[in-house]
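First chain A sits with chain B, and in the next complex the same chain sits with chain C.
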Partner chain A sequence: MNPAEELKQALPGSVMSTGMQVDKPLAVIKKEELLAAAAKVKEMGFDHLSVITGIDYTDRFEVIYNLFSYKKKENLVLKVILDHNNPEVDSLTSLWKGANWLERETYDLVGIKFAGHPNLVRILLPEGWNGHPLRKDYDMDTEQFVTIGEDGEDIVSTDGSNLLRRK
Partner chain B sequence: METEELLINMGPVHPSTHGVLRFKLRMDGEIIKECTIVLGYLHRGTEKLAEMKTYLQFIPYTDRLDYVSAMPSNYAYVKAVEELADIEVPLRAEYIRVLVMELNRIVNHLVAIGSLLMDLGASTMMMWGFREREKALQLFEMLCGARMTFSYMRIGGVREDLPDGFIPKLKEFIEDMEKRIADYEQLINNNEIFLMRMKGIATISAEEAINYGMTGPTLRGSGVNYDIRRLEPYSIYPDLDFKVCVRSEGDSYARYIVRIDEMRESLHILRQLIDNMPESSIIATQKYGIIPMTGAPYTAQTYFPRIFTPPAGEVYSRIEAPKGELGFYIVSDGTTKPYRIKIRSPSFCNLAAIPQLVRGLKIPDLIAAFGSIDVVLGDVDR
Partner chain C sequence: MDPVTIDTTKISTIKKKPQTALEKLEDTGLIHTVLSAKDRKGLILLTTVDQIFNWARLSSLWPVTSGLACCAIEMMGVAMAHHDIARFGMEIFRASPRQADLMFVAGTVTKRMAPRVKQLYEMMPEPKWVISVGSCSNTGGPYHESYSVLKGVDLIIPVDVYIPGCPPRPEAWLYGVIQLREKIKNEGYGAKWGINK
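Here is the complex of A and B:
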C-alpha cells in the first residue's frame, strides 16, 4: 500500500482522491483539513518538505507539497485545490520551519495566502509591488520602478516618480 | 550595566555576501540577537520567463541559476523534461553528463572553499582554488565553448561529443587534483586560526537541519546519511562506486570537511567514467526518428526537433547538485511551452536556516557560517 492510500485510510474524511504523479503517490486533500493531514503525514515519517508549488489554473489555484521520508525513502505529494477568488490555506510553518520561506515565496509570486504564517510578507519582490507575477492574468505591460528610501524601505512606483532621473 | 540594542545593516553589496544579499542585524554589543535576511536583489523572474519560452529555449536560463555550477542545473531541467516525456537517453550521453556534473561539483567546491577562506581572511586558498578551477574551466571550454554558462545538455542527450584530446587532459587534471587536495588539507585542516573560527560554530542538529529543509553538504555535515544519488538513483549513479561523505558535528568545520571529501569522491567517479566510457550516440533518436541531412555532423542540433511537445502532465524531479537538492517542478499542458516551472533551489532553502544558525554569535561568525553554507545568490533569487 502506498503512503497516499495509507493516508486515505487513516483520514478518510480529508483525502478527496489519490493517484500517482509520474512515480510518486499523490493525495488530494480538502483545503480545510490540510494542517491535520500534514501533521499525520509528518507522523508517518515524511520529515523532508522538498518544495511548495503554487499554480494558477485561471479557474482555480493548486498548491502542491512534495514530501520525502529519509527513513522510509519514500515520496509523497499532497495537493490542495483553492478558489480563484480568495486562495487561502493553512500554513505548515508549525510543522516544518522550512515552509516559512517557501510559503512566503508562493505568496509573493502566486498570491496565495497562508493562514497562521508568522511573517507573510514578500520575499523576492520588494514590498509594495503590484500584482503577483506568476498569475496568468499578471499585467506585464506596466513597468514598475523600485528605489530604496531613507530607512532602507522599498519604494515602488509605476510612473517613475521615485527615480532621481525622472522618466 | 545596561546596553542599548544596535541595528546594523550588512549588504546588499558586501564582499562576504557572495553576491547581493542584505542582512539586518539586531545587535546587543557584539552578539547577534536577531538576523533578518532581505533578498531578491538578483530576482530575474526565471519562472515567469519559462512560461514564455519553448522547452529547448529555457535551457540557457538554467545556466544562470547557480552560475558556479551550471551543468547540474542544466541536467536537473532536462531530466525533469525527459521524465515528463518518457525519453530514454543513450548510455554514452549519460556517461558524459555525469562526467561533466562531477567535474562541476569539484569546481563548485573549490569556489565554496576558496571564498570561505577568503571571508576568513586567508587569501591563499582562493588563489589555489581558482588555479585548479581554471584547468577545469578550460576542459569545459574545450567541450562546449563556454566557461560558465554551458547550455551543454539537451533534452535526450548532450549537445556535442567529447572532443579529441579531452580525456587525456581530464586525466592530467585528475592526477593533479589528487595532489592539490592533499595540499589544501595540509594548508587548512589543522590551521589553528581556521579551527578556532570554524569548530563548534553555527552548529545545527540533524533534526533541525531536516526541519529547515537543508540539503547537500550542509545536511551531510549534520550527520544525515543522505544523498539523492543514492536514495533515488538517477542516470548511471547506481553503477558507480562512491562513498557518501558524512560528518556528525553539524558545525561549520564539518560542512567544510564534507566538501573536501566530496571532491575526492568526484575524482574517484571521474576515473570510473573514463575507464568505462561506452560508445553510442549522444542524443536520443529512437523516439523521433528524425533523419539528419546527408553529410550533416552527428550533433544534437541535427537530431533533435527544435519544437518539442511533451504530453500534458506534472512532474517533480530532483538531483543532488553540489549545493543540495535541486528540483524542477514542471507542469505541461501539452503545448510547446511549459505551463509552469517551479525551481526548488538548494541555496534558497539552506539560506533560510541562517537566522537560526547565527543567533547568539558574533558578526565574524555570521560570515564564517554563511560561507560554510555555500550560497550562490543567482540560485537563491532566481
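Here is the complex of A and C:
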C-alpha cells in the first residue's frame, strides 16, 4: 500500500482523494485538517519537507507539499486547494523547521498566507514590492525599481530616475 | 642520413630585440616621431601624449573582482592558466573598485543588484571601462520578460564592449578584451571628459 492510501485509511475524514502526482503518491487534504494530517504524515516517517509550491489556477490556489522519508526512501505529495479570494492555510513550521523559508517564498511570490507562521515577510523580493509576481493577475506593465537608502535598506519605486541613465 | 645543418649567418628574419629606450619606444608602434637630441643626451617626443597614455592604460587593465551569475564561472576560466588573461596584463583582479579600471558585468543584473552594480561602477576612479558579458547583462537575455531582471546593464552604466553568448566561451571573452584594447588605443586624451573627440 502506498503512503497516500495509508494516510486515507488512518484519517478518512481529512483526505479528500488520493492518486498519483507523476510517479509520486498524492493525497489531497482538506485545508482545515492540514495540520493534523501533516502530524500524522510525520509520524509515518516523512522527516523531510523538500519543497512547497503554490500555483494560481485563476479560480483557486493550490499549495503542494513534497515530502520525503530518509528511513523508507519514499515520496509523498500533499495538496490543499484554497479559495482564490482569501488564500490562507495553516503553517507547518511547528512540524518541519524547513517550512519556515519555503512558506515565506510561497508567500512572497504567490501571496498565500500561512496562519501561525513566526515571521511571514518577503524573502526574495524587497519589502514594499507591489504584488506577487507568480500570480496570473500580476501587472507586468509597471516596472518596479530598487534603490538603496541611507541605511542600506532597499527602497522600491516605479520611478527609476535615480538609477537609470536616461528615461 | 646526415643531420641537417643550418647556416645561422643566413637567417635574417629574426627581429632584433630593441635595446635602447628609443628603439623600445619605436617598437610599441604607437610613437610616430621620435627625435634624439645628441647634445642633450635625451629624447624629444614629437607626438601627442595620448598615445603613451593609451599604451600604458591598455597594457595593464585591472578588472574589479565582481561576478553576478554563471558568466563569472567563465571569468574564472578566462583567468586560469589555459586561457590566461595575464597575457593582456590583466591577471590582477582587484578586490577593491578603488584600484580597478575595468569592470566585467558578468551575469544577470537583477533589479535588486542593479543599484549595487551602479555603486560599484561609481566607486571606480577615472579612467574606467565596462565590458558587458553575456546575454543577460546585454539585454536581459532569457529573462527579458521577467519582473525581476534589468533589461540590459547599459540602462544604468555606460558600456564599452558587449560580448554575446550564454555564457560566452573564453575565446569570445578574449576577443572582447582585444576589442576594448583597440578602442582604448584610439581614444583621445580626456575623451572620457569630453575634451577631445
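Definition applied: the second predicted complex is superposed on the first by the 159 of 167 C-alpha atoms of A that agree within 3 Å, B and C clash if a C-alpha of one lies under 4 Å from a C-alpha of the other, contacts with A are read in each partner's own complex, and residues count from 1 in each chain.
Please note the rule applied: a contact is a pair of C-beta atoms (placed from the backbone, for glycine too) under 8 Å apart; a residue touches a chain by one contact, two chains touch by 3 or more.
Values in this document were obtained by computation on a predicted structure and should not be read as measured data.
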Original post:
Between chain B and chain C, which makes contact with more of the residues in chain A?
Top reply: B
**OP:** Once the structures are superposed on A, label A:Leu49 by its partner contacts, choosing first (chain B), second (chain C), both or neither.
**Re:** first
Original post:
Once the shared chain is lined up, is A:Pro126 touching chain B (first), chain C (second), both, or neither of them?
Top reply: both
**OP:** Figure out whether A:Ile64 sits in contact with chain B (first) or chain C (second), or with both, or with neither.
**Re:** first
Original post:
Is A:Leu163 touching the first partner chain B, the second partner chain C, both, or neither of them?
Top reply: second
**OP:** Once the structures are superposed on A, label A:Gln144 by its partner contacts, choosing first (chain B), second (chain C), both or neither.
**Re:** second
Original post:
Looking at chain A, which of its residues have contacts with both chain B and chain C?
Top reply: 125-126, 133, 138
**OP:** Mind listing the chain B positions that touch chain A in their complex?
**Re:** 9, 24, 39-40, 43, 45, 47-48, 83-84, 208, 210-214, 224, 226, 231-232, 313-316, 318, 325, 327, 329, 331, 339-340, 342, 344, 348-349, 351-353, 356, 381-382
Original post:
Which residues of chain A touch chain B in the complex?
Top reply: 21-22, 24, 47-51, 53, 55-56, 64, 66, 70, 73, 75, 77, 96-102, 105, 109, 122-126, 133-134, 138, 152
Original post:
Tell me, which parts of chain A touch chain C in their complex?
Top reply: 125-126, 133, 138, 140, 144-148, 154, 163-165
Original post:
Okay, in this complex, where on chain C does chain A touch?
Top reply: 111-112, 114-116, 118-119, 145, 147-148, 154-158
